[in-house]
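Listed below are the structures to be examined.
Each of the next two complexes has chain A plus one more chain, namely chain B in the first and chain C in the second.
And then the complex of A and B:
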């Protein structure tokens, strides 16, 4: 049911935690029944230099938070804003149909990070 | 099942638990002491299994000085360490797993007022047990094998991982037809009445859903002064919380009375189910309105101020569930619900425990399941719609 990528990021996530005074903070999720992911980010000169997340939901969505943080750490916001849907989908590896909603979550995490970074003048 | 028979069943390569799951009627007919002996064997085996396979849980047991050898009598079950239900909401709830993540077949969740989902993971063996249990219990209490189900909730297609909907949807497999009446957050009582009319004289018509949404339908019937007359073989089946988002409790007595008046059923046709997404056990109303606990599991009612102490039968306390069906996570759960076990013999003659749900613990931050959020969402939508209306009334 789960790929090795999902198992590893779910069981042993690297980026779970909190940043004391984050420059950017956002949360995505479904208010009725869905998954929730909260992300905190600090940037320096348009590059993500610190990131942490907390997630509540299915195993794949929790792993998605960690996959996102890993891929974003040390990346420039302008590069991230150019990341295509296809590239984002490929980051999740092979998924079962019931896990495909996490591609949407990963897309939303990217979009929201860029929107929030723009709002905070970080991009 | 005496111990030697238990061992003999295992010698044949059979599972005593699965045998019990398919013998619900026989278990409810057992003398109380014999049923208690069987539950002890099943729960003790499950405790030993999780002790061996779950490092997090074993460490908790060692810290509390308890091992499977310490469980010898039904009274010893209070020594089994309990997993507080809030741990299912924690982001690192993978530590609750007694199997590898790759052995997990199914994830289910429930989201209450906090908005943080409680996620329950089931391996193939647990799903087998849960399916056997749910269908055996539905058959025992409803004897349903035909009819039409008007589901006053969203479909599993819309929210496939939601435990309450999943459990109610399993009932649909026993019916001839069914229809989910909530789609894309729309709730149209006129469509419900029309559907019931279309099924009239073709099928026994059952109304199935969380209490709030059935109550919402009745509120419409009341306002429009419409009285539906369901069939003698109809059921009103509810599963889900009885407390609204606003904190108001829905009165079970009032709900029953309104079902009788506006849906044309008798009290014996109104059946509530108590269950939690984290557990495979349930308690279900019989024809006398008494909730019977699944006979292979144990409900232990604890003193909220001293959780290792059981309160006397008849007294209200905090519910601990000992569920031997759970193989992927320890099924020994401390809930946030206040209940009481009913004293004396059951009106239906069934053995085993019977319970009455009282309320969620007052200090609990969480109440309800996804139904409570759906109810709030419908209220918000109604408010939005009415705020656009012209305020001039005459």
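And then the complex of A and C:
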């Protein structure tokens, strides 16, 4: 079963696409299930002003990419770096046990964004 | 039955809708509440209903009524045949042959016997076409082989196993033989007499009967140990007050099946050929898993993979956007360390991407060719959407 949150973000994801010249680009994956998500980001003054993703994987991981992008858009990188694991887990709503790996994916998306932003001098 | 729901239903191997005739029979049986095992005058009607039901199912399988014992379904029938057949050997555990593609109610039962009593198990792998080979089975037989358990047709690929040859081989070697025919009864005629197996399992909800009822054909009923002890029901073979409503439903389903199964089978074959033709016209890379012919597999089932997409995501999109239901070959795991791929497709040595992309389509008597046209249309649409989402990943 999929929650309404997952269904909405999976069926009509808002952020699937590309950014022509992204300032930050990274890809994360889950070695067991093979899910992969690529994210492209532009920031202005430490705030995410443009974000897009592409994903290969299960319905929940595709939805996770969209949930991440929606929550990150217009947020400051310093605020994002302070998001707790608990806050990140809550963003996914109710999940079946077989969908729990997407919490790790969402965590990794956050961690990697901050790491990449620091590497590019955006944070 | 909701017409829109049934038009998008392509998962008949999982379960079938109860037919109108079956529902009527079940409702009518509700007023007959007397215990069929009672000796009261009122119970005679119920006893007669039970006997008539047994005769209908026996006619469906081509056996004597006393060789049919009603169960709670296919899983119980499989458990009973295997455990009951091997109970006399628990102190001298020998060897069991089964296949790696059986239903979990067979695989987990033999694993239990292996663990609890020390039986040795051979789990035959299928060849690339999805069928086990008689030669492999013959080569695996040992002097102490006590049971062979092989499914008639696989639930995921529909591929028919060489059960006639295997049952004949078992008879010739004095080995008990169990055939799980759950996926075949209702799809084409099954003649247990001609098959020659000792035990044959079937389940009513796979052929338009109710859930929670099935039966085990037992060639020599007096030779099989009961699974459930307690009362004298089912000729002393299975204790518990009979579920007359479910049994009445199963009997009606059996009677419909006797009349129409050839017609249904022809219809499924037309549907399958139509689906394969339509899929081949798509601009997608589609691989059929197992024997896709109408002779090598039950005619209502087709298993295929679309390169580049995950079956789980594709089935979710088909379901949530278009109300189309199919089955998948791979699901997400409940933990991060173990893959949850189809044991059937894995045993066929298909590569991981192919297993992750697998869909099982199974249709039934209510499927129309226009439903298949719509399915293929939406399949293409959903696949393109998913491919576009992942185009550079």
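Keep this in mind: the second predicted complex is superposed on the first by the 119 of 123 C-alpha atoms of A that agree within 3 Å, B and C clash if a C-alpha of one lies under 4 Å from a C-alpha of the other, contacts with A are read in each partner's own complex, and residues count from 1 in each chain.
Keep this in mind: contacts are C-beta pairs under 8 Å (C-beta built on N, C-alpha and C of every residue); 3 or more make two chains touch, one makes a residue touch a chain.
Bear in mind the structure is a predicted one, so any value in this text is a computation, not a measurement.
Of the two partner chains placed by the overlay, chain B and chain C both lie in contact with A:98. In the superposition on chain A, A:110 contacts neither chain B nor chain C. Of the two partner chains, both chain B and chain C are touched by A:62. Contacts of A:27 after superposition on the shared chain: chain C is touched, whereas chain B is not.
When the shared chain is aligned, chain B and chain C each come close enough to touch A:2.
With both complexes placed on chain A, chain A has more residues touched by C than by the other of chain B and chain C. When the two structures are aligned on the shared chain, A:16 is found in touch with chain B and with chain C.
In the superposition on chain A, chain A positions 2, 7, 10-11, 16, 32-34, 36, 54-59, 62, 98 are in contact with chain B in one complex as well as with chain C in the other. By the touch rule above, chain C contacts chain A in their complex via residues 310, 312-313, 316-317, 320-321, 331-334, 336-340, 352, 356, 386, 388-393.
Chain contact summary for the complex, chain A toward chain C: residues 2, 7, 10-11, 13, 16, 18, 27, 30, 32-34, 36-38, 54-60, 62, 97-101, 104.
Residues 1-2, 6-7, 10-11, 16, 29, 31-36, 54-59, 62, 98 of chain A touch chain B in their complex.
Note for the complex: chain B touches chain A at residues 89, 91-92, 94, 100-102, 104-105, 107, 109, 111, 115-117, 119, 121, 159-162, 370, 373-374, 377.
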